[in-house]
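Next come the structures, one after another.
Here come two complexes built around chain A, the first alongside chain B, the second alongside chain C.
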Partner chain A sequence: MAYYLGIVQNIGIHTLLGLSAYLLLLTGQLSLAQVGFFAIGAYTSGILTVIFGLSIFPALFAGALTAGVFAFLVGIPVLYVRGLMLVVATIAFSEIVRLFFFNLNWRAMVNGVEVGPDSTQGFREIRYFAANGWEQIEVVSLIWFFVGAVLALLWWLDRVRAGAVLRAVGEDELAAQSSGINLTRVKVAAMTGGGIIAGIGGGLYAHSTTYVDHNTFTILLATFAVSYPILGGLSSVFGTLIAVIVIQGVMIEGMRFLGDFRNILFGLLIILAMNFRPNGLLDGNTVAALKRRLFFLKAKR
Partner chain B sequence: MGFDHIDVLQSVIDGILFGSTYAVLGLGFTIIFGAMHKLNLAYAASAIAGAYVGIGVATLLPVSPYIVFIIGPVASGLLGLILYTCCFRLMPDGNQLAPLMASIGALFFIDEIIIHQTAGSPISFPALFEDSFFEIGEFGIRGDLVFVMLASLVLMALLLLLLFKSKLGLATRAVSQQVVAAQLCGIQTHKTNATTFIMAGVLGGFAGCLAAAAVGVLSPLLTIPLTVKGLIVTVIGGLGSIPGAIIAGFMVGAFENLFLLLRGVNERDIFVFLLLFVFLVFRPNGIFGKTIDRD
Partner chain C sequence: MTAVLALSQLAKHFGGVRAVDRLDLQVERGEVFGLIGPNGSGKSTTVNLVCGIFPQTGGTIELDGVELGRLQPHQRIEAGISRTFQNIRLFGGLTVWQNIWVAWRDDETGWASNWFGGSRHRRAQIQELLAFSNLDHRSEELAGNLSFGEQRRLELARAVAAKPKLILLDEPAAGMNSEEVTDLKKRILKLKQSGVTVLLVEHVMELVMSVTDRIAVLNFGKRIAHGTPQEIQQNELVQQAYFGSAENAK
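Presenting the complex of A and B:
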C-alpha cells in the first residue's frame, strides 16, 4: 500500500511541476526555469520548518512566495526579449539555482542536533510530517488538495478573460499586441504564477521525501516539467495530468524491469511524439471531439 | 589568499585559449540558428557523442589514437544530419515548440545512451603534446592549449571561407535571409538546411575533440555545461551573429577561468551564467545583435 501511495504522491508533485510549465506555455513561452523555482520552494520551506520551527502551511506559503518573487524578477529581463532567448536564459537560471544550493551550507543547532543544508551532502532531516504524526495518506491528501486546487484554478482561468488573453499571446503575438495587450506584462504574470505553483510543489516535495539535494534539480527534471504539458497538449489542463500519469506511472514505475533504458526511452518518446503529434495528445481537434462524445453535442459541419 | 596581476593575467590567457572551443561551438549554434531561426539544443551533445564514437573506434581498431580527430567530426556531422531529419525536417513550419522540444529529447537521448554505454564513468582522451610548455617572461603557456586555439582559428577561417566564398555558402545565406525568395531562386531549402546541420556538426565534432583533449577526459558530465556555455556564447554574441559568437567565445572562456581562480571550481559556473543575465539586462541583443528583435 505504501508503495502505491508513494506513486500517487510522486504523480501529484510532478503534476504541479507540469502545471507550472503549462501556465507559461499558454503564452507560447518554453521555460526550463520551473525546476529552479521548484528548488527555491523546496529549500525555502524546508529551511523554515527545520531551522526556524515553522508549521507546514506558513512554510509552504513562504516557499511559494519566494519562488514567485524570483520568477517575477527573472521574468522581466528574460521575457522582454522575444523568442528563443528565453530557453537559454531559463536553462542558465536553473543551473545557477542548482549550483547555489550545491554550495549552500547553513547548519544550525536545533534541539541538540545539527540540521540544515550541508552543501554537497544535501539537505536531510526535513521531518516535519513524521515529527508531527502525519500518516502517509494524510500527506498524499494534502498534495492532491493542492493539485486539485491548481487544476480547478487553471480550468477556471480558461473560462474568463485572463485565460483568453494568455492564449491570444500564445497564438499570435502580433495580433495580441495590436488588440492592446501588453505582451511582456502578460508573460511575466504567467511566469510569476508558474513560479508560485512550482514553489508549492517544491515545498511539498521536500517535506514528503524528507531529503533534497542539488542532484534532483537538474535540467532533466526541467525537461520533464515542460514535456508533460507539451506531450499532453495545451488545449486542456487534463492533458498535463494524463501525460504525468502515463510518464511517471506507466513509463517510470511500470517499466522498472527496463532499468536505465527508461531514461533513453524518455528522450525517444519526446522525439517521436513531437513528430507524430506536434500539438500534443489532447490537441484542439481531439478535445472538441471528446466534448461532443461526452456531452452528446451535435458535430458542427 | 592573495592574487597578483600575474596570476590573474595568466588565468585570463589560459581562459582565452580554451575559450576558442566555446567560440567554435557557439559558431555552430549560430549558423544553425541563422539558417532556420530554430535552436538545436542537442548540438553540443552531438559534438560530445562524436568524440565518443572517435574514441570507441580508436580503442577497437589497431590505429593511432589521433584518428579520433578524423572520426569524431565525421560522426558528429552524420549525427547532425540525423538530428535534422528527426527533429526539424518534418515539423510544421509555424510550430516553434515542437522542434525545440524534440531537440531537447534528442539531447537526453544521446546523453543517456552515452551514460548507458560507459556506465557514466569518464574515459581518458589522448592528450596533445603533453610536455610542451612555453615560457614568455613571467607567463607559462600550455602547448596543447595553443594548438587548440590555432586549430579553432583554422576551423573558423575554413567555415567563413565556405560561407562567404562558395556556392553552397551563398545558398545557406540566402535561405537564412529569406526562405521564400531563396526557394523562388531554385534553392532546395531542406537540402541546404541539411548541409548546414552537417557543417555545424563537423565543426562541433572538432570542438568536442579539442575540448576533451584539453581537459584530458571525456565524460557525460561535459554535455550540459558545454550546451549551456555554447548557448550563452550564442546569446552574448547576438543570436545569429558570426563575429559576435567568436568574440563571445573567447570572452566566456576568459571569464570562466578568471572566476575559477577567484572563486573556485564549485562556484565558477554560477558567475559565468550570471554574465548572461548581465547581458540580458544591459544589452539584450548581444554584442552584435540587431535591435529589431525587441517587443
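Presenting the complex of A and C:
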C-alpha cells in the first residue's frame, strides 16, 4: 500500500512542477528555471521547519513566497530574451541555484541534534511529518489538496480575461502588444505565478521525502517539468495531469518489470506521442469533443 | 477640424535605406485619411512607427498633441491608437469573442474586474461589436478556423474593441473580392460616423477613392503629393510614381 501511495504522492508533486511550467508555456515561454524555484521552495520550507521549528503551513507559504520573489526578480531581465536564449538563461539560473545549495552549509543545534543543510552531504532530517505523527495517507492528501487547488485556480484563470491574455501573448506577441497588452508585465506575472507553484511543490517534496540534495534539482528534472505540459497539451490544464500520470505512473513505475528496456520504450513513446499528437495528448479538438460528450453539447458547424 | 495625428519630419533609416524620409503629415479628427504609394514607398513602415513597432530615426509623432516617441507599443494603444495588419495577425487558438475580449478596453470597471472578472457582463457588448463585423453567429468558433474574409472582419472588430481615437488600417482589402471590399467600405464609413478617425493604407484604389476625405502619396519614403481624392487622381507626380509617366496612366 505504501508503495502505491508513494506513486500517488510522486505524481502529485510532479504535477505541481508541470503546472508551474504550464503557466509560463501559455505565454509562449519555455523555461527550465522551474527546477530552481522548486529547489528554493524545498530548502526554504525545510530550513524553516527543521531549524526554526515552524509548522508546515507557514513554512510552505514562505517557501512558495521566496520562490515567487526569485521568479519575479529573475523574470524581469530573463524575459527580455526569448526562444533558445531564454532556455539557456533559465538553465543558467537553475544551475546557479543548484550550486548555491551544493555549497550551503547551515548547521544548527536543535534539541541536541545538529541539523540543517550540509553542503555536499545534502539536507537530511526534514522530518516534520513523522515528528508530528502524520500518516502517509495524510501527507498524500495534503499534496493532492494543493494539486487540486492549483488545478482549480488555473482552470478558473482560463475563464477570465487574464487567461485569454496569457494565451494571446503565447499566440502572437506583436498582435498582443498591438491589442494594448504589456508583454513584460504579463510574462513576469506568469513567471512569478509559476515560481510560486514550483515553490509549493518543492516544499511538499522536501517534507515528503525527508531529504534533498543538489542532485535532486538537475536539468533532467527541469526537462521533465516542461515535458509534462508539452506532452499533455496546453488546451486544458488537465493535459499536464494526464501527462504526469502517463510518464510517472505508467512509463516509469508501471513498466519497472522491463528493467532498463523501459528507458528505450519511454523515449520511443515520447517520440511517437509528439508525432501523432503534436498538440499534446489533450489537444483542442479532444477538449472540445470531451466537452460535447460531458455536457451533451451539439457539435458546431 | 484639429489634428489627431501629427507627424513632423518623421524619419526611419534601415542602414543606408531611408524607408521614411522627413515625412510631415496631419490627420484631422473624424476624417478618413488615405496613405497610398507604390510597393516599398514606406506606408507600412509609417504605420509601424506610429504604433511603436520600430523606433523612429528622427522626427516626432504626436497624438492629440502628446508626443508618442518614448511610449511602448501597448502604451500607444492606451493613448488611443489601434491597428490592423497587412498580414492578418489573429489569436488563432482563441475563440472569436476571446480575440475581442483580449483587446477590450474598459476604463469604467476596476483593474481586478477587468482582468479577473468573468465574461458574462462583457458578453453583450462584445456580441454587439461582433454584429458590427457580422460575426455574431461565429463567436464561439476558433479564430483560426474562420475564412479569410471573416478573419479580416474579426481583426477590424478587435481593433475597434480598444476604443481608439485613431485606427490604422494596413491594407485591409488585400486578398478580398469586390463584394467583400464593398462590405469593408460600409464598415469604414460606419467607423467614421461613430467619430473614429481612420488612417487607411491601401492599394485598392476603388476603396481609397470612395471612402477617403484626403490622401497623401508616398514614394521612396517621401510625401510627393497630398490633397482630395480628385486632386490626387489628376496629380502628374502621382501618375509618374505609379505608372512611370503621366502618359502611361492614360
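One rule holds for everything that comes next: the second predicted complex is superposed on the first by the 286 of 301 C-alpha atoms of A that agree within 3 Å, B and C clash if a C-alpha of one lies under 4 Å from a C-alpha of the other, contacts with A are read in each partner's own complex, and residues count from 1 in each chain.
FYI, contacts are C-beta pairs under 8 Å (C-beta built on N, C-alpha and C of every residue); 3 or more make two chains touch, one makes a residue touch a chain.
This structure is a prediction, so every number in the text was calculated from the model and none was measured.
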Would you check which partner chain A:164 touches, where first means chain B only, second means chain C only, and both and neither mean what they say? second
Pick one for A:87: touches chain B only (first), chain C only (second), both, or neither. first
Just to be sure I read the superposition right, which of the two partners does A:183 touch: chain B = first, chain C = second, or both, or neither? both
Given the touch rule stated above, what does A:121 touch, chain B (first), chain C (second), both, or neither? neither
According to the contact criterion defined above, which of chain B and chain C contacts more residues of chain A? B
Answer with first, second, both or neither: which of chain B and chain C does A:111 touch in the superposed model? neither
Footprint overlap on chain A, where chain B in one structure and chain C in the other make contact: 177, 183
Residues of chain C defined as touching chain A within the complex: 51, 53, 72-74, 77-78, 82-83, 85, 89-94, 98-99, 101-105, 114-119, 122, 140-142, 158, 161-162
Contacts from chain A onto chain B in the complex sit at residues 25, 28, 30, 77-78, 80-85, 87-89, 91-93, 95-96, 99-100, 102-103, 173, 177, 183-184, 218-220, 223, 226-227, 230, 260-261, 263-264, 266-271, 274-275, 278-279
Which residues of chain B touch chain A in their complex? 33, 37-39, 41, 86-87, 90-92, 95-102, 104-113, 115-116, 224, 227-228, 231-232, 234-235, 239, 266-267, 269-270, 273-274, 276-277, 280-281, 284-285, 293-295
Which chain A residues qualify as touching chain C in the complex? 159-162, 164-165, 167-168, 171-172, 174-183, 235, 284, 300
